[in-house]
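Down below are the structures I want you to see.
Both complexes below contain subunit A, partnered by subunit B and then by subunit C.
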Partner chain A sequence: MSKVLRVNMTDLTFKWEKLKPEQEHLAGRAFTSHIVSTEVDPMCHPLRERNKFVVSPGLLAGTYAPSSGRVSVGAKSPLTSGIKEANAGGLTGTRLARIGVRGLILEGAPPAASKDWYTLLVGKDKCEIVKKNEYAGLGTYDLIARIWKEYPSKPGIIGCGLAGQRLQKAAGVFGNNVENTDAGRYAGRGGLGAVLGSKHVVAIVSDDTGGAVPAAKENDRFDAARKTFVKSLDAHPITGKLKDDKGKPFGALKNYGTNVLQNILNEAGGLPTRAFHEGRFEGAAKISGEAVHELVDRTRAKHGDKAQGTYGHACHPGCVMACSNAVPYEDTGKLQVSPLEYETVWALGTNLGISVLKDVAELNRLCNDLGVDTIETGNTLAMLMEAGMIKFGDGPAAIAALKEAYNPKSYLGRLVCSGASTTGHALGVTRIPVVKGQSLPAYDPRPIRGIGVTYATNPMGADHTSGYTIAAEILGIKGKVTDPRDLKKADLSRAFQSTTAYLDSSGYCLFVAFCVLDDDAGFKAMTDTVDSFLGKKIDVTEYGTAVLKAERGFNQRAGFTERDDRLPEFFRTEKLPPHNVTFDVTDADIDAVFKGF
Partner chain B sequence: MSKVLRVNMTDLTFKWEKLKPEQEHLAGRAFTSHIVSTEVDPMCHPLRERNKFVVSPGLLAGTYAPSSGRVSVGAKSPLTSGIKEANAGGLTGTRLARIGVRGLILEGAPPAASKDWYTLLVGKDKCEIVKKNEYAGLGTYDLIARIWKEYPSKPGIIGCGLAGQRLQKAAGVFGNNVENTDAGRYAGRGGLGAVLGSKHVVAIVSDDTGGAVPAAKENDRFDAARKTFVKSLDAHPITGKLKDDKGKPFGALKNYGTNVLQNILNEAGGLPTRAFHEGRFEGAAKISGEAVHELVDRTRAKHGDKAQGTYGHACHPGCVMACSNAVPYEDTGKLQVSPLEYETVWALGTNLGISVLKDVAELNRLCNDLGVDTIETGNTLAMLMEAGMIKFGDGPAAIAALKEAYNPKSYLGRLVCSGASTTGHALGVTRIPVVKGQSLPAYDPRPIRGIGVTYATNPMGADHTSGYTIAAEILGIKGKVTDPRDLKKADLSRAFQSTTAYLDSSGYCLFVAFCVLDDDAGFKAMTDTVDSFLGKKIDVTEYGTAVLKAERGFNQRAGFTERDDRLPEFFRTEKLPPHNVTFDVTDADIDAVFKGF
Partner chain C sequence: MRCSRDSSPILEGILFPSTSFCIKHLQEASFAYGWTTCNGTRQVAHGARAVDDPYEFGMTHLAQHMHEATAQGPPRIEIHLYGELRSLVPGSRPDEDTVMWVAHVMNETFEQLTSRMGLTPEQLGDCFIDGTLAKKSDIVPSGARVALFPYNMVLLCGGQHLKGHGYTRGELDVDYY
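For the complex of A and B:
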């Protein structure tokens, strides 16, 4: 029986609550957005006591359904001032689900003057709020290593790093990797790490000792569906385990990870380069997924068993797609960073004009250790370059700038953790690539207009995952769209957004969409797992639409209007090479996405 | 015949336009807000080519009406993202009016990559757009000295300093003093200096050689009215020239300037101290208007004719109230800064816990030289203190921080010119005292609730001048309100806001209100000057309401809702000593101010 743990950080108490009947089908994003939209005053300060920090494993987390172990966190965002959900892999989703915790709600906050920091230990029917001042101020690598030493069961950990503890708006919520102490599993976006920091909680440790695999209401049907779904995922060229005639695996994600997109977007001319000045990067190949794959192979050849690099690495237990990686130092074979994903390589590489893979990996390692979102931080560093404070392409200068963040008295160090909007404004930049205060990710909306509509309209600020039209516009999932400019962008974006809201609630990784959009049997198997788990039929679009309505409603009550659903002006006025196009979707077409919501 | 000069900074051309019949009665704020609200896309980027920078002398500027020479500047604000008007004294209002220029509209902008900077020379029937790269990068003292050397007619000058040239959001529009080269006449608020910087215009020089005093439509009536009005102003204890039994002058403004308020607000417990933590400052007397008066007298006694300090100093030609001052260095008698006003002493003194007058004056001198608004910059420095980067009360540290702004590569230097909101967000501060992004001025809204309603609702962001309820709540103008908490705040604030919009358009200094609210004959004389000048009856409230409606309409089209008409959360949750009150006006009461607008 699932339950909810409510922790009050003002008086350091907690209580267990029963899941209400109307919450039975709500998990992951649907649960966090339900709590935030019904319990949090949309006008509250996001970093003071009235905001709430909500954690919820996806519906199928902890089960044997494939790639379903993701965990959502939600709150009012200090970056966008609207509602926010972010999700990640790691161990926490599975751990919490197996001890029956559907949701964890952190409310209140210690007094502003408090110097005390806390860790929350959640186990089967137990919760401890432990003062752990010695955990504050550590880099996340050290923090995770210390927690794993103290709790040898290898618990799930989520938490905030230095940036979150300083209430900075680029702060993400880190999650630990399955097998190493890199804080590689980021629910990175929207500054939710700062919300956790405002509660004075450094880490939430979840231990599933004594727990059990969650049982489906209709177990046989669930079992059959999950097996069919695994087959479907394994057979798809993007998500699968396919091998070529010579027996060499060619599944895109397993071999090259998400960063397979680097060359694809570059080819398409939609790869934002040097702060969105160009759509094609001359250095893309050197930092592509293929280059990471070769680095891993080369390092293995050199260092054998000692080589810590890998591809085809699962971000959470039970993931069959295994799109992640661990990047080694070539000279020693030791781990530099895990993972190095497409968005990160773009944000900290392409977007800064940096094509030295080791420098990009180092920037990622620093972000992970400091506790900041790589997309936000990459765009922030780009603002330093746009303002002429450091040069585009200068990796060592970017690394030095980011290292400043270890010094709490450094103003530069504060800026690099505070997001592109704040930093751009501080430096007088007029080309700040944000929507609702949140930085744009790795797809330029000028040649790829559908993703621009998603950036503009989704409730989370500029975000690709919330309505990943790239699948249709670039990757040709469900049949290649020959000219993506012909698509009705509003319909495309809305359809992706509602489906995504469903997926973000199910526990399934968004990447299952590559497969299920192409394979009707896979789609049915996936929805069967959800329906049989709950013992009732769920309509994907209705479910997703309800989540979006709750989120949009929160934002409206926070003062958002359609005028917030706009891209920055320069996307309409500056042409992007090589296609030399501007973003030309009309405001009316943008507003059509959520007309009547 | 009044006309309008329209300058295009994209192609460096200009044209003269006739004033349209429906614009005949529009001047000052009414003119700038009319142009901005009808010609500027509310969704445009405020620091790119689609914004417009509008200058307009008040209706009676250049005439012999007393204290009527103020000049308004307006644009979409980069600080608030809404409409903005700011006005000041100086020479420009008079100069432009006497050559028949009702408005100057700067539109377009040089390409973003341009390194060229321009000066605009406006004379009788002439305009020159002169490339003057050597003027860029200078402190404003040097800049004004150079311009006055090149143009010996002592023209009016308005312009942007270093901060505006770097597009920073605390940048004000400076105006030159009448008799020295201090850029003491700031249309400081809303970051309008950055708008001028975005047009690559360092200075607008206006020369009235060959001009004439503007003629009233009904000249005899005008002449009689202005004389009556002078008598009324001279007879009022705040604005006047009164002397006591021993022949010693005691007019509040002439002797102690605006900073007479320091002790008054301190006494009332509404003087925001150390970043709005307290309502009473133990060091207030040391930096009060009385202290400045004594410093001037002491320095005169010591240095005789060489002493450059003064009180009772007029901010523009023809001001009979003469509330301004020039503050000397006591050791040399030379000018340190002119003027040192109440808001500035509060922002850079009280608000930072600094009670050393010389340090406060030095901070003011630096602000004037850099081209930043003192209110915004004081609140910005307070954010450094709130974040623990420097200590409350540490004048030398505050001075050193502000001096960083001379170094364009200093991140701290950038922050101190970028406003409290940006800096507070960069530093993780949760008590940022802004409304619509603009910093609060020198009256705490908790004990003085009417001014809180003005801060929340007026179209300009937190601003005292736009609806100065202090006159009724604290100063007892029109009869002392014994408990200001009894007043209907919405009605009070709306009445002040509409009257102010009228005054800001007339060219009259807002301070005439101290007199005209108390003296019906004075009020009638004032409106008579306006009516006889135009040759038609103007209803004060209707006129002001029309201005406010244009401004609120612009803001609505820019995406503002009633949710933007709110004070920061901490004013409702933190009690202010000594009265230990929170801001408790309901949202409904706040929204009542502009219900139906």
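For the complex of A and C:
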């Protein structure tokens, strides 16, 4: 029986609640957005006591459904001032689900003058709010190591780093990886780490000792569906096995990770380069997924068993796609950072004109350690470059700027953790790539316009994962309608956004999508697992649309209007080479996405 | 950057798709194929003009080189290779650009070009002509930048069925090669 843990950080009390009937089918993003939209005053200050921080494992987390262990966090965002959900892998989704926790709601806050910091320990039918001032101020690598030393049950950990503890808007929510070697499993976007910091909670530690695998309502059907789904994933060249029968690289995600996209977007001319000035990066190959693969192989050959680099790394228990990686230092073979994903390589590499893989990986490690979102931080560093304070391509200078964040008295350090919008405005930059205050990710909306519509309209601010229209839009590039589906952008974007909201609630990683590309049986197996788990038929689009309506409603009550659903002006006025196009979707077409919602 | 004009059988087929084609173009102009090793050592074949190291200056310089070469010789196509397709250029590395130049053939389709290279549709994933996703029937223009990704690099197409459920279906005309 799933339940909800409600923790009051004002008086340091907690209580367990039963799921309400209307919440039984809600999990992950659907649950966090339900709680935030129904319990949080949209006009509240996001970093004060009236905001709530909500955690919810995906519906199928903890089960044997493949790649279904994602965990969502949600709150009113200090970065966008709207509703926010972000999700990640790691251990916490599985741990919480196996002790029957559908949701964890942190509300209230210690008095403003309080200097105390807390850790929340959640186990089977138990919760402890423990004062842990010694955890505050640590880098996350040290923090997770200390927690596992103190709690030998190998718990899941999510929390906020230095940036979150200082209430800075680029702060993400970190999570430990399966091996506890890196706190790089980030629900990074929207500044939710600062919301956790505002509750004075450094870490939420989940222990599933005594727990059990969640049972499906229709167990035989669920079992059959998940097995079919595993076969689909394993057989597909994107999500499949590491090598083929001849020993050649097979599954793209296992071999190259999400950063396989670096070269693909570069060739598509949609790879935003040097703060969205160009669509191709001459250094893309040096920081690509292929380059990481080669580095791992090279260090394995050089350092043997001591080499810690890997690809085909699972981000959470039960993930069969294993798109994560561990990037080694070339000279020692020791772990530098895990994972190094496409969006991060773009934000901290391509976007800054940096093509030295070691520098990009080091920037990622620093972001992980400080507790900041890599996309937001990359765009923030780009503002420093745009303002002429650092030269594009200067990796060591970018690293030095980010290291300033360890010094609590450094103005620059505060700035680099404050997000691109704050930093850009402070530095007099007029090309600030944000929507609703959140930085754009790694697909330029000028040659790929549908993703621009998603950036503009989705409730989270500029977010590619909210409606990943890249494929269809690549086909429709340069104004020539080659897309045989012949859909207007509004319909396309809304459809993608709705279905993504469903996936974000299921616990499935978005990348399960790839295997059903050519395999209808895989798609049916995926929906069958959800339906059989709940014991009722769920309409994918209806479910996702309901989530979006709740989120849009919250934003409207927070004061958002159609004018907030716009890209920055420079995307309409500056042509992006090599296609030399601007973002030319009309405001009317953008507003059509949620017309009548 | 690793670029190549090589003497392997498969590349003979690429550069000289037929005897008549080969002779015709060789008679019209001296072919200007060359490649540059990763340490910048310049090697030249068939009368190629020596140029500065394109590795150092990346695509901009390469484009200039292409322009100069095209002005003096027959039109060519610049092919960027990824994944296992990099093996078409001996000595290529996955952390460098792997570029091959082949002769342009008037009105040649993308399917014909890849066939000329000895590649089957099953070997290919997402591919591009001048930054636009390539279809089999697309004509490859002179001077085009063609990017070939292998079958297991199709991430851009991934997810249409699922994320566009109800809108993008398998029976519609989408080329996956």
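Basically, the second predicted complex is superposed on the first by the 573 of 597 C-alpha atoms of A that agree within 3 Å, B and C clash if a C-alpha of one lies under 4 Å from a C-alpha of the other, contacts with A are read in each partner's own complex, and residues count from 1 in each chain.
Note that a contact is a pair of C-beta atoms (placed from the backbone, for glycine too) under 8 Å apart; a residue touches a chain by one contact, two chains touch by 3 or more.
The model shown is predicted, which means the values in this text are computed figures rather than measured ones.
Enquirer: For A:H45, decide between first (touching subunit B), second (touching subunit C), both and neither.
Expert: A:H45 contacts subunit B only, not subunit C.
Enquirer: If we overlay the two complexes on their shared chain A, which of subunit B and subunit C does A:D564 touch? Say first, second, both or neither.
Expert: Touch partner of A:D564: subunit B, not subunit C.
Enquirer: Going by the contact rule set out at the top, does A:L510 touch subunit B (first), subunit C (second), both, or neither?
Expert: second
Enquirer: For subunit A, which side has the bigger count of touched residues, subunit B or subunit C?
Expert: Of the two chains, more subunit A residues are contacted by C.
Enquirer: Counting only touches as set out at the top, which of subunit B and subunit C does A:A291 meet: first, second, both, neither?
Expert: A:A291 sits against subunit C, while subunit B stays out of touch.
Enquirer: By the touch definition at the top of the document, which applies to A:D491: first (subunit B), second (subunit C), both, or neither?
Expert: A:D491: touches subunit C, not subunit B.
Enquirer: Please indicate which partner A:P578 is in contact with in the superposed arrangement: first for subunit B, second for subunit C, both, or neither.
Expert: second
Enquirer: Classify the contacts of A:K169 with the two partner chains as first (subunit B alone), second (subunit C alone), both, or neither.
Expert: In the superposed model, A:K169 contacts subunit B only, not subunit C.
Enquirer: Would you tell me which residues of subunit A are touching subunit C in their complex?
Expert: So the residues of subunit A in touch with subunit C come to 237-238, 248-252, 255-256, 258, 260-261, 263-265, 267-270, 279-280, 282-283, 285-286, 288, 290-291, 293-295, 357, 447, 467-472, 474-475, 477-478, 480, 482, 484-485, 487, 491-492, 495-496, 499-500, 503, 510-514, 516-518, 520, 523, 526, 540-541, 578-579.
Enquirer: Give every residue of subunit B touching subunit A within the complex, in rising order.
Expert: That would be residues 43-45, 47-48, 50, 112, 166-169, 194, 198, 389, 409, 411-412, 414-415, 418, 422-423, 425-430, 557-559, 561-564, 566, 568-570, 573 of subunit B.
Enquirer: Residues of subunit C touching subunit A in their complex?
Expert: 57-60, 80, 82-84, 93-98, 125-126, 128, 130-133, 135, 145, 147, 149, 151-168, 170, 172-174, 176
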